[in-house]
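Two complexes, one shared chain (chain A), two partners (chain B, chain C).
Right, the complex of A and B next:
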């Protein structure tokens, strides 16, 4: 790769996606719509390869920082490229590319008109750019901006389908997400008052020297961050907006929001807690215990709510609440295995849940049935779609050879290392409940005769390819976790400030 | 008790900002009129501006434009001001987006009251259940 590009690759990924986002409406005016869609997918694939290149660089040569515009840290904005960024860039690229490929087939029909579809592409790319930005930033100012871009883009993506239910869900989402932003901004304000900096490395230095002078203020500030990011990433008691928003959007939006958008806020939370405040301060405050308890509550409560839903997309949406619990449980455990499990689950859940939502969208579109009780025999009519749905379900449950197993195994090891046996029980119980809410769909689809033989066919080939790609990703991570697991371990080690184990 | 009061009085801009923040959230959560919710959001975001600007301010400080001729000058911190400019942009965008959504909701439901929208929705759902 030419020197100028590879040196500035970190910022180029975000800039390229942002500029592609804004030329989308123009491009659809002067070229065929499919050209614009193809260009957008191509840019996402390019961003993915950039992410892979950066991750390889980080694995071999260690983490580095990048000063945007050539201004060094206290004056300019600093991007910190470490294993966390590498892993998250790969996650975003790996999942967003097939989602947009899937969406491109009948986007115009889904959202109503050609110009609306063009703006949908803009919002989608803006969201991806903001998520990449959250992954690589090392500055609280930047985190705030990227969080806001992601929030507004994801709200507008829910409203892409022009109907009453979706617009109402969007409004609810926007209100709660803005309350969340308010809390995050207040938290940033407190950190700024305490330390006089917005750069995370400088905040960490300042705090480790003098946090004992103001433990209460720090505690208040961390709880602001917890509430703010908790609302945005649908941590259990604050999840009320998620089921409506994620189930009323069009299938690619649901996949994008459920798999990636909420993860961006979790990465931001991890960065604030473990990079800005620092692992040794965080683990000494009771906040990790709170995260563990909330995570366990979310696993059980989300799964129980999911069991009660008959509508397939609502069931998947509540399943997200449960799986976010796993991620927060790992953060709360605060040891190397737990955090590795968190990072692996961010990747694995992103691939799995997007696959499940895309497959659900395909089923609903082809059969016109959105309730699980009506789906008898769909498996005979759409074998490929239901086949990848089965792969997603098994990964979500945590069966060996699928990616969900790798992350849940790490979380299990983390709980055992902490001596937290309740967490072990909850982890296993959550998996059993996941089996209870996902397997009935497969039983209904494969082991019951179709009610009437209407001519139901598979979706378009491009959409099947997108779903098969995600299924292959899930199986590849499950069977050969090697490099990805190494990256996740290094990310966890970076957060804990340990020597990188290579 | 006296010490606590003097500390609160010393830090009155922060206390004021937090009180305003609470008022904003209270407005968003308790009012069922959607426009009042948007007003609540603006109050809430306004409170964070006060917090940041107070944090960066120095009494007697001037705008941070370097004046080489006068080394005695004290400058206020420019970083929170830059952040708050961004914050104002964000809050304007959120307000615009939510007003657009309210307009759409009014076209769909004929009301801007969250409770009435809920009522209409549950009636629609009940009718759909009866027809099946």
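Right, the complex of A and C next:
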């Protein structure tokens, strides 16, 4: 039996999360609802340990594939377990588990009623399952299905807070995300017509043999993917839905969406561009230059928008637009250091931004103030929350010993290796701007006297534990990046089709 | 809604509609249609009942709680069928290779696990249709 579990672990992670999602509505009526919440957190932790085990296998024994239903590759759905999947499974597990732990404390109060809370858990787990699925799948249509599940689930967890602002933001998000799905589906259709395959490894084979016969069609198809996944992952000019959706949701939803949901689409984009179409073709087309330029624009524009916001959660939401720029810059660089930086930034930004959103949620809940200008002296009242907020801020800026430094360092190396000095300037400038929009919060909280002495206390211990866990993750990655960095390097090498150097 | 003709007609037609829905679900692997279309037909029969006789009488027949249970059951059933393959030492969703008898071609039972999986999906689709309808109706009130 243990053998059966470890052999089928990849599919079992997704199946276990999906099944748990459907068990949740059955648990509405039990006397202590915390049991249901604890069960969900437990299953996430189990999925995380499964992901860690898989990543270890992949690092030691190399990538492998899994044929669902026993049907081999071109006919059946193939899961392709490589360093990319390993790293993304770890990212999802590491970040989603503390977020749900944090959410479990007063979920029922946040979303209104017990049955709504149960459905929130269902949607949250569906989103996590879809993200895990995106990480492990090797099939293009499977990617589309997972993207749809993730989109619907993330729209619904924005709407979980039942007020007019959240519903309006959800509607905007739903419309734009649906348009994005349409583009992705068209792109998949094009690739299918061009190659006759949906399996990404087979598409790569077909394309490398014959892409020069129809370069325009391939171009159109790649632009569809870029726009489709660009809308969903909030690439700069297509980010308009993000600030509303991420700032009006409840804190755990914002953390989940900003840190993980958009990363799933980026992983899908990476797989389509570098695995299905192939590094060889992609780096020869000017699409990488477009990605680089868009990434640089996003870094600067997102940071400038963030500077202009006074509402804490909106500032963090625009910061996400800026940080997504770093990830796309790495994809555009298209060399091993750049892509390593991309993968590291996916992990590091996931941990950092979820921590910041959870801390912001705690501040807003305890003080009732959502504007930064009102937050004078909060640091004296909530030292732990503001302490972890400081850890998150330093990591976001990219100070050494925090995880943000590791990823930005790799991106810098990648830009230097490409000889792209403009990107170097933008990277450094983006960090300075990040300091400019995050540090004022800390200055306000720690160096100004509180205006009135209302009794403000820390949030519940469980929530503090969840935030401290994320802070420890950030510091651990920043100080001992060894294994994770190795995994990221191997993922980048997989994308580029290079021999892995260990 | 006090329309006599409408009520009689729906009462007459409903059994046949439900029969058709179940037929389409059960013959998914043999004829056009399958669990999605069959599930929708079955769900629509329940919706038609609620539309004509009112939401309250519809809820008496199949309550929201019941539908929610069926919905979860359908999805979990699918997962459980997938696990059969793993328990028999092969991969997820394995059918014939896991030693499930396939049955004679062309007969009702001729696809191994496919019939059972289709049943789960059909239940899920039917109950989801009803849940969506009830949610939208309650919104209006």
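Everything that follows uses one rule, which is that the second predicted complex is superposed on the first by the 499 of 502 C-alpha atoms of A that agree within 3 Å, B and C clash if a C-alpha of one lies under 4 Å from a C-alpha of the other, contacts with A are read in each partner's own complex, and residues count from 1 in each chain.
By our rule, a contact is a pair of C-beta atoms (placed from the backbone, for glycine too) under 8 Å apart; a residue touches a chain by one contact, two chains touch by 3 or more.
Keep in mind the model is a prediction, meaning the values are calculated, not measured.
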item: Combined model on chain A where chain B meets chain C, clash or fit; value: fit
item: Partner chain(s) touched by A:170 [first = chain B, second = chain C, both, neither]; value: first
item: Which of chain B and chain C A:52 touches, first, second, both or neither; value: neither
item: Contacts of A:464 with chain B and chain C, given as first, second, both or neither; value: neither
item: Contacts of A:293 with chain B and chain C, given as first, second, both or neither; value: neither
item: Greater residue coverage of chain A in the superposed arrangement, chain B or chain C; value: B
item: Chain B versus chain C as contact partner of A:70, first or second or both or neither; value: second
item: First (chain B), second (chain C), both or neither touched by A:15; value: second
item: Chain B versus chain C as contact partner of A:304, first or second or both or neither; value: neither
item: Lowest inter-chain C-alpha distance for chain C and chain B in the superposed arrangement, angstrom; value: 6
item: Sites on chain A touched by chain C in the complex; value: 4, 8, 11-12, 15, 18-19, 22-23, 25-26, 66-70
item: Residues of chain C touching chain A in the complex; value: 68-69, 71-72, 75-76, 79, 82-83, 85-87, 89-95, 97
item: Complex interface listing, chain B residues touching chain A; value: 14, 21, 24-25, 28, 34, 37, 41, 44-45, 48, 51-52, 55, 77, 79-80, 82-83, 86-87, 90, 93-94, 97-98, 101-102, 104-105, 108-109, 117, 121
item: Residue numbers on chain A that touch chain B, as the complex places them; value: 141, 144-145, 148, 152, 155-156, 159, 162-165, 167-168, 170-171, 174-175, 178-179, 181-182, 185-186, 188-189, 192-193, 196, 198
